[in-house]
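You will see two complexes here that share chain A, one where it goes with chain B and one where it goes with chain C.
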Partner chain A sequence: MALPASLRASAIPAELELIASEHLVEIVPLVAMERTAFISGAYGPLRPPQKCKIPIWMATNLKMKKKCHIVPPQWLNIEYLQERLSRETSHPEFSEMPFRFAEIAKVLLDVASDDFQNPDKIRSLLKDIREARQAKSREGLSQLDHSELSLPNLCAMEINEIRPFFVRAMGVLTQFVKDPEARPPE
Partner chain B sequence: MDDDYYSIESILAENQKIQCTFKIDIPDMGHLDGGRERDIKALSKIQIPMWMAYILIYSDYADFNIPSPFQARVRNALNAEAKSVKLSNLVGQGGLCLDDVPASEVSNILVKTFRARLPEVIDQAQHFASINAAGGGAGASDGTLTFREGLDGTERELFALAQESARRTRKWYTTSERGRK
Partner chain C sequence: MMMDFDWDDPNGGLDEPIAGPSFIERARNAPDDDDDLRLWGGGPDAPNIIPQEVAEETSLQKLTRYWMNERHAPDILPAQETLLGRLLDHIRKQSDDVQLLRADPDASEDEHFRIMLVQTEIERVKFVIRSYMRTRLHKIEKYAKHINMTESLQQRLSKGELEHARTYAKLVDSHFVSSVLQSLPEEQRALDDEVPFMPPMISKPDLKRPVFAHARQACPPVRLPDGSTMEMEKGQISLTPYEVIEQLLFREEVELV
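Showing the complex of A and B:
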């Protein structure tokens, strides 16, 4: 294959960020614009001060030209994240988060931190959630078996991070296991 | 090992020697053992590469001894605490403990060992930078260092994969979009 080895195993985080940028986000535009057709669909019209839903890539672009305010998604605020964090630390399973929350949160916090009430607090909450979840996926590693792995509520970025070595490790286990039908030894 | 014809690891693993006891005399093949004797005598023990051992064993010219990584002493050690055994000592530095000795017991040992060691491998890979910075090569990091030296080839590969992927993700989390534009 023509791809360098480092890109074959999984997508790179920047690619996931690009994919996540297709998600819609609400903005308060500061400029007027007619309804405009893009490859992914038609967005607009922008009529300040009415709210409008546009893709994140477009919102970041407008934001950086100071032509809109971004309205944070309803899951990206302190109360919601706090609640998720406490659930994350008290329950053994992964709690439910938007599939691409890590990417969306990072992009929005990077370009539009002034549209959030307390961006630093949100950042640290997101970091805590991420670490709590990482600890869980680490525990899951010891239960790895050769045939299947179900990852309920795991998010794109987390799956991407563990993909290369989980896949390889399961491959090794497949080689080791003599009788594929038998239950793995406990 | 039979089905992954193109796997370099399998080819390398097949090059590993296994001790065989010959059942019959074989003339003019003494060079297999280093070349001092002209013939192979019956009941002599010779280290034969895996790929040659198959055919010798199947055609009943020789018997093989369970290789040392699978002998009872090591099996017991692995059962007791898989993390403290240095696999690299057993299979040689950079060697691979891939082997298809036909015994479900061996298979179970391999699976158990691998699963017991995996979390530690991944842990260390993900925190490799901080381990080195904090321990400075002495004191606290001694245990982890010993474990790392004891990884076998497959585990080394996993270590590298996990390390690279963790590095990439961490980099993404810590660098900002804004600098680019």
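Showing the complex of A and C:
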């Protein structure tokens, strides 16, 4: 078939990562490169040690060849995440995070953990935040009805995670209220 | 064109490292790109731009959005032929330039390095285009017969896609006929008869399937299945049946995430 069955219901994390990798990140280049036109835009010139913004996919590519250092985004440090975590655990609603924070954090921590101060602490904070938010998503399920559920500040990866279950559950609720002559979907 | 420099960069000619000149020559002689120059740093007063944050959506960002919409929507969405054409042209140009530069024996290591990055990006874009087309193809094959009976759906398909839907539906039909239907009594051969309490034999997109919609701007009110109305604010994310936000999606006021 044109689309493998595993891809039909939803996007997969690797695809979300691909999308997130178009976001820009600041780097300190270790090689010089002229300004170059790409399909997504023109980037450069790279002039060490001047900082420069390029897409994450390019930064990871350079990083793996040891041609740059990645400057972590403002939200990806211990103080910020600590503050988010305490807000996440003390407030009932989701706190605001960059929409694709999970993907970006993963990519950057995977290839450039040496550019972070204390990457293990960051990882564990991210994990705690994730768990706190997951618990809230599950609570959100109790508010589900057949017509609408608003999910402020939910992020791409979290949506993807709850999608199969929430879509299914809402589908079932929809069938309950459907007029009797309507047929269930195949 | 591939190597499109910021021609107006005042330092452009000064601190040029080794590889510069041949590239600049080529970039200057290259035919003009019909893409929005603002995104290319080519405009006279373009600052050192960061496309994703300052400029409007690039072609690639648009396609990525349509790709995700298509993946999450139960129905087939309107084809984006112009956008696809533009991106394919762009890919062709980038690859042509890469070919040209690779054939150049004087290319320095620095140039090879850039060629590698450009090729990497080409592959990334190709991946998105392929996945987008495959998603559409999957829906077209699944709903081929339904498409053939529905004028409004046909208008959302490109010529090639419509052709494929027709031939595919015909093939499936003749397969059904030769394998089963011809041995049934005449009155039971139709596929579109409605049998009470049985699912229809021609599959249709389930427009009530819930989707996650993300408002790209403030949206006009829409009616929810429970009778109330909802007005999405910019940035709001809602899980709601597809048919509720269908019109908002067509007007690009929401995207599916």
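Observations on the structure shown:
Basically, the second predicted complex is superposed on the first by the 176 of 186 C-alpha atoms of A that agree within 3 Å, B and C clash if a C-alpha of one lies under 4 Å from a C-alpha of the other, contacts with A are read in each partner's own complex, and residues count from 1 in each chain.
The rule we apply is simple: contacts are C-beta pairs under 8 Å (C-beta built on N, C-alpha and C of every residue); 3 or more make two chains touch, one makes a residue touch a chain.
Note that the structure is predicted; figures quoted are calculated from it, not measured.
When the shared chain is aligned, chain B comes close enough to touch A:V107, but chain C does not.
Within the superposed three-chain model, A:L85 lies out of touch with both chain B and chain C [touch as defined at top]. By the touch criterion stated above, A:W57 is placed in contact with chain C alone, chain B being left untouched. Shared-chain residue A:S10: touches chain B and chain C both. Comparing chain B with chain C, the partner in contact with more residues of chain A is C.
Residue contacts after overlaying the shared chain place A:F176 against chain B, while chain C stays out of touching range.
By the touch criterion defined above, A:L30 lies against neither chain B nor chain C after alignment on the C-alpha atoms of chain A. Of the two partner chains, both chain B and chain C are touched by A:R163. Chain A residues in contact with chain B (one complex) as well as with chain C (other complex) are 10, 144, 146, 163, 177-178, 184-185. Chain contact summary for the complex, chain C toward chain A: residues 1-6, 9, 12, 15-17, 19-20, 23, 39-41, 49-53, 55, 58-61, 64, 68, 71-72, 87, 90-91, 94, 110, 113-114, 117-118, 120-122, 124-125, 127-128, 131, 134-135, 137-138, 141, 197-200, 203, 206, 208-212, 224-226, 228, 230, 236-241, 244, 257. Contact residues of chain A toward chain B in the complex are 6, 9-10, 12-14, 17, 60, 64, 106-107, 110-111, 138-139, 141-142, 144, 146, 157, 160-165, 168-169, 172-173, 175-179, 184-185.
By the touch criterion given at the top, residues 98, 102, 104, 107-108, 110-112, 114-116, 118-119, 122-123, 125, 154, 157-158, 161-162, 164-166, 168-169, 171-173, 176-178, 181 of chain B touch chain A in their complex. Put simply, chain A touches chain C in their complex at residues 1-3, 7-8, 10-11, 15, 18-19, 22-24, 31-42, 45, 47, 53, 57-58, 61, 144-154, 156, 159, 163, 166-167, 170-171, 174, 177-178, 183-186.
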